[in-house]
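Chains: A, B, C and D, in written order; residue numbering restarts at 1 for each.
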Amino acid sequence: MIHNKLAVCVIGAGRAGMIHAVNFAKHVPDALLAAVVDTQEEAARAAAEKLDIAHYYSSCAHALMDDRIDAYVVVSPTKYHMETVKAIAEAGKHILCEKPMAMTEEECEEMIRVCRQHKVKLQLGFMRRFDESFRQAKNMVDYGEIGEVVMVRSNTRGPSIPRPWMYDIRKSNGPLAEVNSHDIDTMRWFTGSEFQTLYAVGGNYRCPDAREQFPEFYDNVVMAASFANGMQGMLDGAQGVGYAYDAKVEILGTKGAISLGSVKGNDVVLCSSASQRGSYPLVESWRTLFKDAYLKEDRAFIDCILQDKEPAVTGIDGKMAVKVVNAGNISIMEKRMVTL
Amino acid sequence: MIHNKLAVCVIGAGRAGMIHAVNFAKHVPDALLAAVVDTQEEAARAAAEKLDIAHYYSSCAHALMDDRIDAYVVVSPTKYHMETVKAIAEAGKHILCEKPMAMTEEECEEMIRVCRQHKVKLQLGFMRRFDESFRQAKNMVDYGEIGEVVMVRSNTRGPSIPRPWMYDIRKSNGPLAEVNSHDIDTMRWFTGSEFQTLYAVGGNYRCPDAREQFPEFYDNVVMAASFANGMQGMLDGAQGVGYAYDAKVEILGTKGAISLGSVKGNDVVLCSSASQRGSYPLVESWRTLFKDAYLKEDRAFIDCILQDKEPAVTGIDGKMAVKVVNAGNISIMEKRMVTL
Amino acid sequence: MIHNKLAVCVIGAGRAGMIHAVNFAKHVPDALLAAVVDTQEEAARAAAEKLDIAHYYSSCAHALMDDRIDAYVVVSPTKYHMETVKAIAEAGKHILCEKPMAMTEEECEEMIRVCRQHKVKLQLGFMRRFDESFRQAKNMVDYGEIGEVVMVRSNTRGPSIPRPWMYDIRKSNGPLAEVNSHDIDTMRWFTGSEFQTLYAVGGNYRCPDAREQFPEFYDNVVMAASFANGMQGMLDGAQGVGYAYDAKVEILGTKGAISLGSVKGNDVVLCSSASQRGSYPLVESWRTLFKDAYLKEDRAFIDCILQDKEPAVTGIDGKMAVKVVNAGNISIMEKRMVTL
Amino acid sequence: MIHNKLAVCVIGAGRAGMIHAVNFAKHVPDALLAAVVDTQEEAARAAAEKLDIAHYYSSCAHALMDDRIDAYVVVSPTKYHMETVKAIAEAGKHILCEKPMAMTEEECEEMIRVCRQHKVKLQLGFMRRFDESFRQAKNMVDYGEIGEVVMVRSNTRGPSIPRPWMYDIRKSNGPLAEVNSHDIDTMRWFTGSEFQTLYAVGGNYRCPDAREQFPEFYDNVVMAASFANGMQGMLDGAQGVGYAYDAKVEILGTKGAISLGSVKGNDVVLCSSASQRGSYPLVESWRTLFKDAYLKEDRAFIDCILQDKEPAVTGIDGKMAVKVVNAGNISIMEKRMVTL
């Protein structure tokens, strides 16, 4: 604790890392930002300067030796999550881990085990659960406004082209992991159940440079699924769509339906006699769309530490998403239905 | 009556006239189209052929001698309305008269008087009252869903450029008559009251060829008004906007608000990565937007004749709109508030 | 031909049958309605009276003996389609056949064969292809406005509860046939390709009375699919959703996306201080939503006969949809991915 | 300057004051919040505590003696604006003054004169000019996307009931000042011109307790106006509408139209079979709708001081809005058109 505030260190100074860092630096009342870590020392230094903080590290090992720190936010590449989380837990510090939790279900289980053993909090970064519109929808479902849930359909389509490190699906887990982890969690959250069977189709439509060397790579995916409690699910995901950040959910119930999200950006509509069409701007990025959700997530993390309560999104939630991602990738690669 | 159906004759084979003609020819069960009239004989002949009917006339006088006909729809230019309606009434036949009813309040009163004297029906062509969405809004108001009405705001903006015969406002009554008669009726309908004071501003923004010779001509108008029962009104009108047929209404009450209409055409939304904007088609014309309303209006006209009941929109409604148009034009030309 | 017009007979006087009947009776210029058929004689008689026509029959056999008739619209239950269509073709008359085309792929092939042999037109009733917004979307796709198509997602959810004759999926082919035939055709149309693999999940959520006796019955279905040309597809279908007729399509391309359809009915928005929510009416029925599409379909049918050209929607289109329906039902029942 | 940052003091710890205070305390990089002032000492103390700052004052006089402070934000009641702004200017400090600028045009002129004399910045609080959607619309207009501007229509309707201190219009200037100052500025901004004539209608529909003692009070107003450059304007304002914070603008041009704003809140749409209507939440408050605009306004204020440039919104802008408010109130009270 520093000045009676929980001292947080963010590991990974990329775009998502900086969102968390700014939140803890300025907008979470009971927390402060104590340090940032990036394995590229220059990136770490630049981030610290931008955030107006004194401490930065180029390795987790060094950050873990900083006794002032109470909690770590893990925003490093997924393949390092397990070792990083284990080291933090063994140091007795709390963890907010970005999605995807890890590369395999086994890694997730190991992370959960070690955190339990060392009695530290482990919260997963499914920030959509903190978004105001998702919460309102969840309340509507819980209050029975659409009867019993029948089907959940969720899609996330990102505007930017996948980076080459994603091309090897066996190492990156692909768009299902990087983009659709959120949809998978949303489907679990609204059905209140676990995936039972699924079938996914993937294809590479926008990355010709990956085709020869990485024939398994896909930048677009559709999936149909059944859940253990008999409900149904659909998911689609895309990278490089260009036009917008397009995240939408529909929840169909026995007595109604809820639809969440839209590609419409701020409300400027232009009607033109040149085109005889009306037009409006589109949502540019997850960073603008879910800005408040990230903040609420970070505040919830601090609260669960201070009040010693279970995180709202646990390691189990992280593990189940990884399990579905892997099953989805198997379905795509082996062109078959998978039972979980 | 022909074959037990009310025989209708449409006077005026322009766009609005043809809508009525097609309706009576095909879609009004208890009516049939017996003849069309157009002072341009060729237009009358072509219309009859298109409508697949045998009779057409190039003058009202001839049409009035056709004994088979029970009712006339007057869609000729406004300046001929009074003489035409009077002649029809004196022949003992019923009348559906398009808006605007006439050029002056006095003409309207004379038309009402003669129709009453000869006990014929006189229905005015404010077809928006028959539009499904307007009716739903009226029901909401009547059932108190927005409390007491406070203010009605109505606008109509047409895509097409005014034709030169409108340039002389003193002869044509201008856009307030040709375009905004509907808004005036809508405001009267939803307030349930009469205009008391008004102030209107007009200007010519799109018709440079009219500026020198017709300095009083306006193609855009705004108006603020008070009603006898203390409610408020706003109106705006335009010709030649190009982008769409833009007719919208807002009704503000003490406990809520209703909004009616939109420029959005059929639901095809295009999101493009080229422009990063979403776009949708716009409503093209009053003919598509109010197609069903015209049909319901025509059916209501036949019903009021067959069941000998008062038309839903009377000569009084026509007269009050003309009165407001004239007051509006005086306000624009003399740049002053007018008390009605 | 009667009076130089193609004489049409509608077989089946239910809701969809009456839409076609009214169209041919009143709204298709080169056609007239010569007769209606319904195996319930009383229904046939009532329909003829309502349509103001003199001839009705209680069997196809009798209708086929009416020499005046040039073309038949088959709107009878699906299981009778093959025998009816074959009899019409053998009589040398043209056929507009409602969807689903038949119960099995083999039946479809037989129907196509016989129609070819007798050189009669066979048009399938996928009227969405004639809907103005679908056509606009197709044009956008064809003109490359969204680049290459990547994925098509289509859903149809009907408000009304399935009728008991649908409960036995092996006899009725279920909601995939009755509701989603349209989505299947839409996906084929926009991908320009055929289904290759699919996986579907079905469940019965709203029809408790069917559960015991018809455990295979489903009233909700989700499906993921791949196409022969590598594109992807998603579909969901429902019966008895209650809230609206909810038919929407998204077409995702490499350079943009198109979204088609909405549950929003006519534009009356109510904002209320009681609920602090805005609300709008929902689309009630396919009959209102696709009213114009049915009319254009019927006109296209007459045109293809008069101009002796290929129908816009052929027996092949009908057969392929049946094939997908059957594959989908197998996928649901055997809980496995199916390769077509 | 404190720690190389501009030290700002906020005068008035109400809702709008706290928005500015939080902005300067946390979100404006080159500024810090040095103190807050409220004449109710307890309110000042509570605000300082909440903002985590050490200094608060219960009078402007004391705040002006705090040498550390570089700039003051005036959010006190309008009637104190002139004396406060003059005192600050005479102390040589910069001023961000909330709208309405003052009670009369003469007061505004005096404020402008004194600020010029003492060479201090005077920025007016029309924060909508900093809102992202307003800026986009302004850019569209400036780039000619709708041709030449013809008409600007702006409305602001607030959900909450007027407080009794507003009842005496001669002292409070009423809703035109408190609510519609923003619309007046928006109309000036988009027309690039000044009001020339106007006619306004006011009425009291929601405050029965004010009727007897304050017959001139209005809680709803409509206005039509002409501008010096020949453009047209419409405005409507309301207090106590209950359903939402409803601020919308339409800009009609010779080649198109722009519409700005909507009452739709975050994107959760509920379709229910109980009501067969879809519904969405409504915007609750100007505080949520214009949260970012306030922040950008505050940043712009600091920038104009540091870079010694003219504020984006000047005292002239403030004065012209006051002039229109007063003309509007005269129009309402004397029931006549007013020429400015």
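Everything below uses one rule, namely that a residue touches a chain if its C-beta (ideal position, glycine included) is under 8 Å from a C-beta of that chain, and two chains touch if they have at least 3 such contacts.
What you are looking at is a predicted structure, and each value in this text was computed from that prediction instead of being measured.
By count of C-beta pairs in contact, B-D exceeds the other of the chain pairs B-D and A-B.
Most remote from chain A, judged by the distance between CA-atom centroids, is B.
For this pair, chain B with chain D, the centres built from the Cα atoms lie 41 Å apart. For the pair chain A and chain B, the distance between mean C-alpha positions equals 56 Å. Shared interface positions of chain C, i.e. residues touching 2 or more other chains, are given as 241-243, 246, 255-257, 264, 271-273, 281. Residues 26-27, 132-133, 136-137, 140, 145-146, 255-262, 264, 266-274, 281 of chain A are the ones that touch chain D when the two sit in their complex. Interface of chain C with chain A (complex): residues 148, 150-151, 153, 157, 197-201, 203, 205-206, 220-226, 230-234, 236, 238, 241-243, 246, 252, 254-257, 335-337.
Of all the residues in chain C, the ones that touch chain D in their complex are 159, 241-244, 246, 263-264, 271-273, 275-282, 284.
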